[in-house]
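What follows is subunit A paired twice: with subunit B in the first complex and subunit C in the second.
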Partner chain A sequence: MASLDPKDNPSRPWTLLSPALTAILLLLVIPVCFIAVYSFWLRTATGADVAGFHLDNWAEVLTDSFYRDILLFTLWIAFATTVICALVGYVPAYFIATTQYRHKAFLLLLLMLPFWISYIIRTMSWINILGVSGVVNVALQWVGLTGEPLQMLYNQWTVIVGLVHFLLPFMILNLYVSLYGIDRNLVDAARSLGCTGWQAFREVTLPLSLPGLAAGSLLCFVLAAGTYITPLVLGGPTDAMFANLVFDAIITQLNWPLGSALSLVLLILLGGLVILYNRFVGMSQIAKSFG
Partner chain B sequence: MSETDHHAVDLRGVVKRYGDFTAVHRTDLSIEEGSFLTLLGPSGCGKTTTLRMIAGLTSITEGEVAIKGRRVNDLPIHKRNLGVVFQNYALFPHKTVWDNVAFGLKYRKTPADETKRRVGEALELVQLPHAADRAPSQLSGGQQQRIALARAIVVRPDVLLLDEPLSALDANLREDMRVELKRIQHTLGITTIFVTHDQSEALAMSDRIVVMSDGRVEQVGDPQAVYNRPASEFVAGFLGNSNILPARILAREGERAEVEVEGLGALLATVEPQDPRPLARGETVKLAIRAEKLALSPAIGAEAPGPDAAALAGRIATVDYQGQVARYFLEAGQRQLQSVNAIDEHPLPEGAEVSIRVRARDCVILPA
Partner chain C sequence: MDDTKRYERLLDRYRNGDLDRRTFLGLIGAAGVAAGVTGGPFSALKRQALAATPDQVRFDGWGGVVSEAFRKHAFEPYTAKTGIDVVDGTFGGADEYLARVKASQPGEFNIAHLSGVFDYVRYDGLDLSTSLNEDNIPNLANVITALQDVLRSVTGGSLSAVPYDYGTTSLAYNRKYISDEEMREKGARILIDPAYEGKIGGWGEWKTRVWYGALQTGQNPNGIEDMDAVWDAIRQHRDLALKYWGSGAELMSLLAEEEIYVTEGWSGRVKALQDQGHDIGYYDPPGGLGWQECLFVIKGSPMAACEELLNFMLEPEVAIAVAEGQNYPPSLDPTKVALSDQVKALPAFDPSGTLEGLNFFDPPYWNSKEAEWSKTFGRVQKGY
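Moving on to the complex of A and B:
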């Protein structure tokens, strides 16, 4: 019989991982290498790409304040989205983790429900809610609070609302996992030693849920910073985010070298964030909420 | 001064229900200042629930709980000044040993120098003075248990509540900690309520034992009383090994009663002077005799049983050899009996005819 102990069969883990590793290599590593090479090419006025080692794209991306401003705006949107997700998501995560309700699994299923509907449709649904003839405006006019419909859509706040809507389940799930793992006796112990309920939360529950908060925040931040559909659908003309620049460069202007350089900037920035997170918290925390 | 002044804890008609299910039936209980009381019973009998009601961690459905004569039903747990030790230690994993132990003092606004002194003393008392800077995860199970104890006693609680604190330790360590815990309790003179399902723990440590079953108190008494004079069939069966035999009262005279055991014959039993039962002739009862109280000797050349004792003839069906002692399964009359006897070199052989001595003072009459 074949032994399952990896020590007896050192190649076994690699054998089992090989399909996944092949996929990652073919679909991720090699394309990123192509993009890296592309970013040093040059697009001429005639529209032809010149191969070679030109630093022009990188010089443009790294010095032009246009790109820097949009990058800062992107980081701001991602940051605001993450903070709101954390604040709004903590309460339901805490509730699901601590409830004595018998159908806890059902509550978790409800949390997954939005994933059954396309992200684009969920984003567009805000037009029916906040638009000029949307639910909110119709209601306000019906009550008589406003005569004219309010212009609520197409600004950075609707982008943030759309992103929070999209990313909240990721945050709640990560928070839930770490809150659920906290031994209830710890809270009881803190209470018996003189803490009020709120003090016990601050001393025990909150610090022990920080790994989940960090994992949820990382996911929210990275996904928010890389989004281009939400600003496209819910943002105004000045609310372009960094991924929209990549989209524009590659799809609209067909400037692949510039688009490659832009996308690498975002990749390096978010990759750096993931490395920092891994250094201080560890990737296993994220794995927990998917296992 | 009222009667309850020297009671550390009083339960009066306390009931706990979860929906239709009654976890703890009407219970009255008083715990003397400075004493060590054990709640003993099988899994699910309501020990933890009772303890948590005293602690204020579980609400009380009916009745009242008083600590030092003061009703605490509506006093939240953080104002009750209790020390609680949990089965899984429940040390704060993100705090050092020092911060764990100092935790309760922090919320009592203890000055820094006094905190330092008292945490030091507590760590000294549990014999871990050098563990202060470690994380709980760097300690062994027994050490974690000591720190949990230090954390609970450093605040000088009115009552120390321990929920199966030793059950997660391995057997040897458990016996050491048992002695240790008793020493600390004795040194501090702290009122202690200890929950366990282990009868030997209960017998070794307690001033008083409360035996519980199915949410009811079966018997309250000191260890000898509970062991030697069980009040019910449940108690007789739960502590040690007892022969429990259906019987009928033949006659009663003061502290002696003669009973007829079905399929075995007449035996003498002892009745406690304060026993309120009439035990009239013809009443059906149960007779309990501990296995180690049935003394065996070879049938040939057996001595006379002496006054207040009877000798039964029996045969050894099986022998369970356990080193110092042997457990014998006997056939006597139409009944089967168990006997545990010390071994002098060799156990008695299987199939041997024996004489079984039954003393009146070892026979306890239980309700049928």
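Moving on to the complex of A and C:
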């Protein structure tokens, strides 16, 4: 029988890893390299690109306050979305993790249900909910609370609502995994030592669920900061996020070099965040959430 | 017939000294794999990779009712008659489509339903134009001369596209809230009227915004003298607008749901709303914007097959059926071809066949401003 000790066959781990590494190389590393090279090219007036090593795009992206302001707005939207997801998501995650309901798997299935519908359709559904002739306005007028429809759509809050709708399951899943893994005896021990229910939650459950909260927050933040569809569908004229700048540069202005530089800025920023998270918390918590 | 093959172009470049031998052989090998001649997994993709082969032509259009009209009235009868399949694709916008074409291999995309002369110039500027053999398109003789001339002036007398339809981007308004008299009185300036703050819409496209900004500041859109005033008008519109719309479907939804009361809009889409029973008015203000759409043959396409399809699409009964389906008048000259009453009732229809009453983008002027104005609009649009 062949030995399983890596020392006897040092190439075995690499052989086993090679399909994954090849996929990452072909689908991630090489495309990013292409984008990096493109970011140093220049666009001509006709839309054609001039190859070379020019720092113009980077100088523009890094010094122009327009890009900085949109980036800060993007980070604000991502932060607000993450906080709301954490606050709103904790309760259902706690409930699912602690319930004695025998069909717990069914509750988890309900969490996954939104993923069966296209993200764009889910986003557009808010137009029928918050629109002038949407469900909320019709209901408010029907009960007599308002005489005229309220203008609720097409602002940064509806962008946040759309993002929370999209990202909440990610937060709940991460929190659930973390809460489910907490030894219930610890809570019982805290209670037997005189803690109230709230104290036991604050001193035991909450601290032990922080890794899940951090993992969910990282996912929500990164996905929210990179979003492009939600502000397009639910945002007003001035609610563009950073990914919309990339779209404008590449699609509208046909300026692929500038678009490449912009997308790399976002990639570096969010990649840095992931690296920091990995350094201080570790990626294992996220891996647990996905099974 | 100009069935330009990928390897023939590579050979040309190699012979011209543009490629070294190693690169040439490498690209030939890659082309072979993509074409499936070497077998393996890529051979399954052969059909898609060779959309330019004479037994099929790829057509890309705007989708929705326009594509349905093309499919029903043009492609299916054309395939039945000629045996040539039409691979029917769609795009959401001209910019997005050009980005896809730019990223593609020659021959991957063949005919596109492009909007306006502006795109014709852009494609020509990117060396994507062809030269149609007009002998293969006898129905071109029925097409309004003014629509052809503006294209010929770009490509040195020849054509890389046939004009197919035209329309206007004028003011669409909800009659429940805005009367016809008020619209006539205010014209384009109604889009910057604070009385309708939060109920104004607009197409988030830089050319249209600049055109209407020029009208709102009393300037000739094809010769703007005070650009700062135009940007200020665009900012004013932005601050009053509820939303920039990005597609015909979104335009129709915003108007139909009464999210907005007034916007500029595409004549065909507004007609569709009116046909659905919505009380939407449509007004061409002085200097209102006209445009034409053409069927553009992209470089590297199987020319004979494309020309045959273009000629088929210009057959009066086909062009009229498509026009009735998409609500835009066909490019056929009403003085040469008998058009249906339904077509004659379409908004923007010009019975004279001269189109002298419409205002179009001046291609040299607008294309020379594209890089600067599209970028500036991208900033103004986002609050700057």
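The rule is short, and it goes like this: the second predicted complex is superposed on the first by the 280 of 291 C-alpha atoms of A that agree within 3 Å, B and C clash if a C-alpha of one lies under 4 Å from a C-alpha of the other, contacts with A are read in each partner's own complex, and residues count from 1 in each chain.
Going forward, a contact is a pair of C-beta atoms (placed from the backbone, for glycine too) under 8 Å apart; a residue touches a chain by one contact, two chains touch by 3 or more.
The model shown is predicted, which means the values in this text are computed figures rather than measured ones.
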Greater residue coverage of subunit A in the superposed arrangement, subunit B or subunit C: C
Partner chain(s) touched by A:Ile250 [first = subunit B, second = subunit C, both, neither]: second
Which of subunit B and subunit C A:Asp56 touches, first, second, both or neither: neither
Touching partner for A:Leu232 - first (subunit B), second (subunit C), both, neither: second
Partner chain(s) touched by A:Asp183 [first = subunit B, second = subunit C, both, neither]: first
Which of subunit B and subunit C A:Ser192 touches, first, second, both or neither: first
First, second, both or neither for A:Val204, with subunit B first and subunit C second: first
Subunit A-touching residues of subunit B, taken from the complex the two chains share: 55, 57, 76-78, 80, 82-84, 86, 88, 90, 92-94, 103-104, 107-108, 151-152, 155
Subunit A partner contacts - residues on subunit C that touch it in the complex: 93, 95-96, 98-99, 102, 122, 125-127, 198, 204, 206, 238-239, 241-244, 246, 253, 257-259, 368, 370-371, 374-375, 378-379, 381-384
Partner subunit C, residues of subunit A touching it in the complex: 43, 45-48, 66, 70, 127, 131-133, 151, 153-154, 232, 236-238, 240, 244-245, 248-256
Touching residues (chain side subunit A, partner subunit B) in the complex: 183, 185-186, 188-196, 199, 203-204, 207-208
